[in-house]
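Before I ask anything, let me first share the structure, which is written out below as structure tokens.
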Amino acid sequence: MTEIGIGIVGGGYMGKAHSVAMAAVGAVFDTALRPRLEMICASSDASAERYRQSFGFARATSDWRALVADDRVGAVIIATPQKLHREIAEAAFALGKPVMCEKPMGASLADAEAMVKAAEGHVNMVGYNYVRTPATQFARQLLAEGAIGDITWFRAENTEDFLADPDAPATWRTEGMANGCIGDLAPHIFNAALALMGPISKVMAEVETVHHDRPGGKVTNDDHVQMMCRFESGVMGHIYSSRVCTGRKMGYAYEIAGTKGAIRFDQEDQNAIWLYRREGPEATQGFTKILTGPAHPDFEPFCQGPGHGTGYQDQIIIEAKDFLTAIETGQPVWPTFADGLAVARVVDAALRSSQSGTWQDVN
Amino acid sequence: MTEIGIGIVGGGYMGKAHSVAMAAVGAVFDTALRPRLEMICASSDASAERYRQSFGFARATSDWRALVADDRVGAVIIATPQKLHREIAEAAFALGKPVMCEKPMGASLADAEAMVKAAEGHVNMVGYNYVRTPATQFARQLLAEGAIGDITWFRAENTEDFLADPDAPATWRTEGMANGCIGDLAPHIFNAALALMGPISKVMAEVETVHHDRPGGKVTNDDHVQMMCRFESGVMGHIYSSRVCTGRKMGYAYEIAGTKGAIRFDQEDQNAIWLYRREGPEATQGFTKILTGPAHPDFEPFCQGPGHGTGYQDQIIIEAKDFLTAIETGQPVWPTFADGLAVARVVDAALRSSQSGTWQDVN
Amino acid sequence: MTEIGIGIVGGGYMGKAHSVAMAAVGAVFDTALRPRLEMICASSDASAERYRQSFGFARATSDWRALVADDRVGAVIIATPQKLHREIAEAAFALGKPVMCEKPMGASLADAEAMVKAAEGHVNMVGYNYVRTPATQFARQLLAEGAIGDITWFRAENTEDFLADPDAPATWRTEGMANGCIGDLAPHIFNAALALMGPISKVMAEVETVHHDRPGGKVTNDDHVQMMCRFESGVMGHIYSSRVCTGRKMGYAYEIAGTKGAIRFDQEDQNAIWLYRREGPEATQGFTKILTGPAHPDFEPFCQGPGHGTGYQDQIIIEAKDFLTAIETGQPVWPTFADGLAVARVVDAALRSSQSGTWQDVN
Amino acid sequence: MTEIGIGIVGGGYMGKAHSVAMAAVGAVFDTALRPRLEMICASSDASAERYRQSFGFARATSDWRALVADDRVGAVIIATPQKLHREIAEAAFALGKPVMCEKPMGASLADAEAMVKAAEGHVNMVGYNYVRTPATQFARQLLAEGAIGDITWFRAENTEDFLADPDAPATWRTEGMANGCIGDLAPHIFNAALALMGPISKVMAEVETVHHDRPGGKVTNDDHVQMMCRFESGVMGHIYSSRVCTGRKMGYAYEIAGTKGAIRFDQEDQNAIWLYRREGPEATQGFTKILTGPAHPDFEPFCQGPGHGTGYQDQIIIEAKDFLTAIETGQPVWPTFADGLAVARVVDAALRSSQSGTWQDVN
């Protein structure tokens, strides 16, 4: 058993989630490589120190360059605003250090492209954590095995309602493309689409702001986006994402129909996945509600009992395990920076399509 | 209490459903006007006589003109293949007789337009029965009352799987636009969209055949269709319809998000409608599963008890009641032929859009 | 095709339901024997005439003896208060006429015993309609086939909330054992238990009034009842019934566990039945939500399409079909008066057990 | 921020869960008192060392007395077989050390009584973790506030199927009362009943072995248990627990009806709780599916986003937080040893009742 010092840049929502994950992952998965909470970086010395104490790091800094360069920091997790992703990642890779970067990767398509180039030859991973639920990992496995035959239709959504109230005030979330629905929320479900179905060849999208004015200011980014898409496999699909979808809290959902069966999932009940198989007597056919358990990917080490249930934090711990495995073996673990770039290209095509009102190729 | 002789043209699936409905509606709704099963028409004398006996009509014929012209037939129900709709309706209206015509209305947009013209001044109704569930009637009522605020998103589908098996043989269903998904299945959900949301201004559609060859022949119509749409109200929407959607039996479903709430419905559980309202403490907000009962439209006369449940046939009985009311009052009851034409125009725009790959106005 | 005149005694809730059923059943099931709505009986001439017109009967009377004796009445349906069941049934059987009697059968165990004796050699049937849903008929079929192995546990409930409000006034429903939960509501689910699991050998019950005083008077019957029971097969079970179970509208539900699988049903979604089978890979095991359709008992003639859905009235129509079949063939169709008596014996044992606080044998 | 050394006796299923929880809890809840994984004890030196490495403890031992007596161990968690609970707890309390003991507490009623006595004046807690889901904590809060009025009915179950297969071999689980359903599984749901409803005054129970012989040996404990119960509040209830309930994985479920509303919960979907309130128009009444989120107890610090979902491990982390709070404040946190004893008394009454076939008081 060897140890590696972890440095996390950013102490907010995801910085905390990764800190908890690194504290727990060794015991959960009995990893060969063990993380040590070495250094946390935040925007000021005071907040960095606060995060250090709260999350249990050895040291704190307000200078991400110091963190990246530190000898005791063996791997870097980037949990900052998007505009800093590229610079930090490039600095870490320049020193040969493994990097896990939060999604979506970089603040622009150019950033994402540069990051993939910089990552060449280094361990890299992008933080699309939702796809790591045992349910979605199992869905991918079913699809790979051909359990539902040839796919004929794909529909997915990532819908939440945190800005559904038109009277919710303008904040940083309502400014800048990167913080809008297409920049921040939709990438999650684009990534799921790619993970489940393979590459998208072209899209026809609408990116729209529903509430242009909010108390405190103008809204300068979008509230929801829909797109019809065509996968390289030839399959027709539709994806919707919204931050104003009243009633939806974690509408990370997909429905996949095939010639021999179908799969349905909605992350609002993340421990269930629904499988239909057109086989056996018609009288007993239907969607089977499968509760994830020890028979499903990455479930047992964590929860042990069927029906015990995984939660959001568990996905981050699975992610931490995969990052450690990547570091240990030197083999990239999906989703890599290249996968993050693929998402960025879908975002770019969707924006082009929405502006032109025409179908646009994904590069 | 007065009586009216009912003549039904067509003894198949829907001919039977209307016959049962006319036999039962008087007792269920205690209608002032009472239907008498006067005459049934089918393609041959033998089958007409068989239907007469089975359904309980007084007389039978294989000549629809004789049925329409018969003095004891006071109202005509058209349950034939689409290509006969127009001619029969025109003949009945020429004699001033009320007509209920099965959906979709006519075999072409031109037919539908001609039928609306012929219907002028006469009682007319088109058989979109699904919208008559107490649940969907209640949804319309909630929307009309503004219960969920301003609408921001609409998604609907009509998905079944009766041709999901690629080895299902070619039949009349796999030939001719009118029998395809866009011609036969999608109109149901287009009608629901119009009923719930008002007129559609433009669409961007894909109409696609998934399985081109089936045992016994080529497939000459489409298997599924999706479209992004824009309502005249400005709301963005998406509609999908499929006959190859494995696992779906009665996927007549919609989700409507508004600024103050949301509505969800899936006809596979036709006695439940889900309502979310953004009000009261956040800790108690959620989708409420409302079981339709006496408090909802048209439920009580039929089933009396809450939770007792309505079924498919009940919708046809409600439809029969509304047709009788229209006859009695001389007032059209929704959906009229004009509503049927509105659906036909959406179908037409969808076909144009799919061929051109561009947005198309509805008219 | 021959015809039979139907006489219905009682024009209330169930009188109407049976009238509608008899009007529709011929067309739905293409029955060989066709019912004719011959005569309706109610407590006064005026109400009888009103029902006659509303339901479409040929004649009306306020004298049930006249109805039973009438030459044109070939079969009698008893939909009166329980205290009249016995006398009417005995009179009809004395004339050799088939009888369908509403549940629960008779006003006492003695009534039920006498009615079984009187029914000997005659067509007889008792109106436990809920068990006729395609879902529950399918459950019986699955159990008969051993689809879930040896049964190890049975739980059922019939829960509604029509008296859940303590401020709901005292009415005839709150007076007399026969109108209480044990007398009126629980028999439905006792019948289901017997139908699904076979005879019950002993029970340990609690029969309780929750709200003793209501506006307008004292409550003299029970609000809810629970009982542990032991089936003759040796299986352990539990049954609960309530009229004060807030939130439940049609909680006619059961869960049956076996060595090889399990079945779950709740009539609030009457078109779905859930089946678990312990077979195949563990990773794909789960409860399958089966939507009833043409592959299930008695579904196709009525609704034809899978997922189209049956409702409460449909059960009564299936019942009407079975009654006609019994008349035509002279063979009893389940549930017969003997089955109705079996339910009465469970009620009796439950009352004895609740009074004594001890286990009581059924019989 | 101060630190406390944690010693855990037992490295199996629950030993691991507590280790992970103690590693993560500080970061999740930003606790004032911080746990240090000081020492782990297992049955052999080898296994203890293995757990030490895997879970990340500083030291290992095979002598629980050494662990308890160790100066650097400030608090003890007992995760051993039940028969050791008492002795370890007494030793720890004798040294004034706080103890969290796994459920069910002790191997007998006498053990539980002795443990409560020993715990007097010391921080003590028993590991009924399921009640710590945000959903169940919220249910308790709703009940305390009277949100559903006066309770009229309580039903609960803890049903799993890990021994549903009659061919599953005999193991330690099939030997000894403490490992049977009444000894091991049922206490979870008895504890929930007490937590939600208050004390139980008497029970009428059946404790039964379904499969007496298994490959490899005789079964000497029970497979399932049901009991009718009467709460001190006067409310009637029923509880069922089973390890042979095919299809159920985490059937930790309850339904509570009150005069003004109802609550339903099933831990197989642990992030949803269903609330019915009899208020407002009847047409909009129904069970509301509430997804737990930041508005519910103990949710936000862990998961932050609504709908993000908690899992089994999260309950243990909440438990760890509560244990640390108890240590820090010196105030007991529910459930204490006294609560554990209350459960043991229900178990005892159920066993007495099952043997005698009569109602038995709970002490």
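So that you can tell them apart, the chains are marked A, B, C and D in the order they are listed, and the count of residues begins at 1 in each.
Just so we're on the same page, a contact is a pair of C-beta atoms (placed from the backbone, for glycine too) under 8 Å apart; a residue touches a chain by one contact, two chains touch by 3 or more.
It should be emphasised that the depicted structure is a prediction, and the values quoted were computed from it without experimental measurement.
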{"item": "A-C or A-D, whichever has more C-beta pairs in contact", "value": "A-D"}
{"item": "Chain whose mean Cα position lies farthest from subunit D", "value": "B"}
{"item": "Separation of subunit C from subunit D, taking each centre as the mean of its C-alpha atoms, in whole Å", "value": "42"}
{"item": "Centroid distance [mean C-alpha coordinates] between subunit D and subunit A, Å", "value": "34"}
{"item": "Where subunit A and subunit C are represented by their mean Cα positions, the distance between them in whole Å", "value": "53"}
{"item": "Subunit D, residues touching no fewer than two other chains", "value": "248, 286-287, 291, 293"}
{"item": "Partner subunit B, residues of subunit D touching it in the complex", "value": "138, 275, 281-291, 293, 295-296"}
{"item": "Residues on subunit B engaged by subunit C in the complex (per definition of touch)", "value": "1, 13, 16, 19-20, 23-24, 26-28, 30, 34, 53-56, 160, 248-251, 267-272, 291, 293, 302-314"}
{"item": "Of subunit A, residues touching subunit B in the complex", "value": "148, 152-153, 155, 161, 164-166, 204, 206, 208, 210, 223-224, 226, 228, 236, 238, 240, 242, 244-248, 257-262, 264, 276, 278, 286-287, 357-359"}
